[in-house]
């Protein structure tokens, strides 16, 4: 994949992977980081009944969990090595029920600012029948530098 | 607590409790429903390390999980007995890190419409030092009637 | 432009143009509708000092005016001939100050539902130096059918 | 009105009034600033046909114009004298059609941060029949200090 972005930090992939490994909730839900490129990351999640709401679909909060991290780490790839990333807000639109075998959250930076960045993520449900867009998110991220 | 709302369904509390019990994800994260009144519900969550992001705070997606259900069930209290509730979108603002012993999501209906409702939730972190507002959400909910 | 959408109403262009002509605020601000295709519309606005905020940039509310109509009419192109369109909510992210000679709001449907649709719009500032993305919006639209 | 906030700048009212007077768009639409207190401002707008959308209601973008300024100036009351305020994003929920004689946008700070603040505004339609809540907004504002 080509990208309009370049990272100023040659170590950005390892930095994202390290941070992702420290997100304990990702192990709880079995999410994995499957792509890290400048300005873009992908997080995948298998379907599990214990992640569901009352109708047997993945709960919107669990979808938000991987979509928020996809936005955050997409922005994080472009931040300086010493910075931390902080979500200040996000909005999610649920386009279809979260039914499928696996779910893929694709996060992309829309604008990389010095202190404020905007990223978007899409959530796709993957099943034998193919790939379906089921949710979109837009989030605002802060670059937090050491004082 | 008094409320500006009345439910047309005398059985609304049992209906919300039944649906909440069917949200498997709530058991995974140990969330419990602690108040159900017309147009308002409260969901509580104890702190657990395995719900956290990389800095040891509850992940925004887990906060979203209980806040979305708080919005949804607040709206559900005012829906007819045969309806289902569906979140179509929400937005969350993260005001402070999710640190604390317990977390309390308070969902309230802002507007109850025939097909579209708007609800808001606040997330409070509870610890020895007191109670602190750490996030706000606004969500749009659909009333889905059997065809 | 090709599109993934088709309109069931052969008269959708005239229908959108008629409705746009009835939006009196568009005349007040000199906005014009420059493209209408299935699932997509473009609205343009020239810079005017009396549309500005305190720093001489177009006010975010005026940007919202053309971006909301771009979302709404994009959704409207796919609605049945007898329906009205209603915005139920939108969110805007302001990526850069609204400086430029002209502004172009490009609205596209993301999901066309029977009663609820989701559309997105981008706002571009156009000047001698080129074209710059300055804001993004996501909106939720309702199809309102005659009773 | 009492408030949980105090302004560090004794001149905050004059500062808000000066900035509001520089928002040319407020004169175009006849909006006026009717209250400025620490963490809260009110902006009012009379109904005018040339501010309307196709059904004779005030366009959501015009509602956004006064609601965004109400959020922004509420946050601005709490900023240091030398700072500027910048909206980075907002979300609006439209609860009812904007019909009425006058409209009142009440903006209140929810969280005042050093660089990022969150404010909310309500829009009320005022007519002979009384006062009705017709829209809610939540916005994120940046404090921009001179370099």
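As written, the chain order gives the labels A, B, C and D, with residue 1 at the start of each chain.
Criterion: contacts are C-beta pairs under 8 Å (C-beta built on N, C-alpha and C of every residue); 3 or more make two chains touch, one makes a residue touch a chain.
Keep in mind that what you see is a predicted model, and the values were worked out from it rather than measured.
Relative to subunit C, the chain whose mean Cα position lies farthest away is B. Averaged Cα coordinates give subunit B a centre that lies 28 Å from the centre of subunit D. Rounded to whole angstrom units, the spacing between the C-alpha centres of subunit A and subunit D is 33.
The residues of subunit C that reach two or more other chains are 88-89, 91, 93, 118, 140, listed in rising order. Taken as a graph of touching chains, this assembly is complete, with every chain in contact with every other.
Contact residues on subunit A toward subunit D in their complex (touch as defined above): 88-89, 91, 115-116, 118, 140, 142. Interface of subunit D with subunit B (complex): residues 91, 93, 95-96, 110-111, 118, 133, 136, 138, 140. Those residues of subunit D lying in contact with subunit C across their complex are 19-20, 22-25, 27-28, 49-55, 59-69, 84, 86-94.
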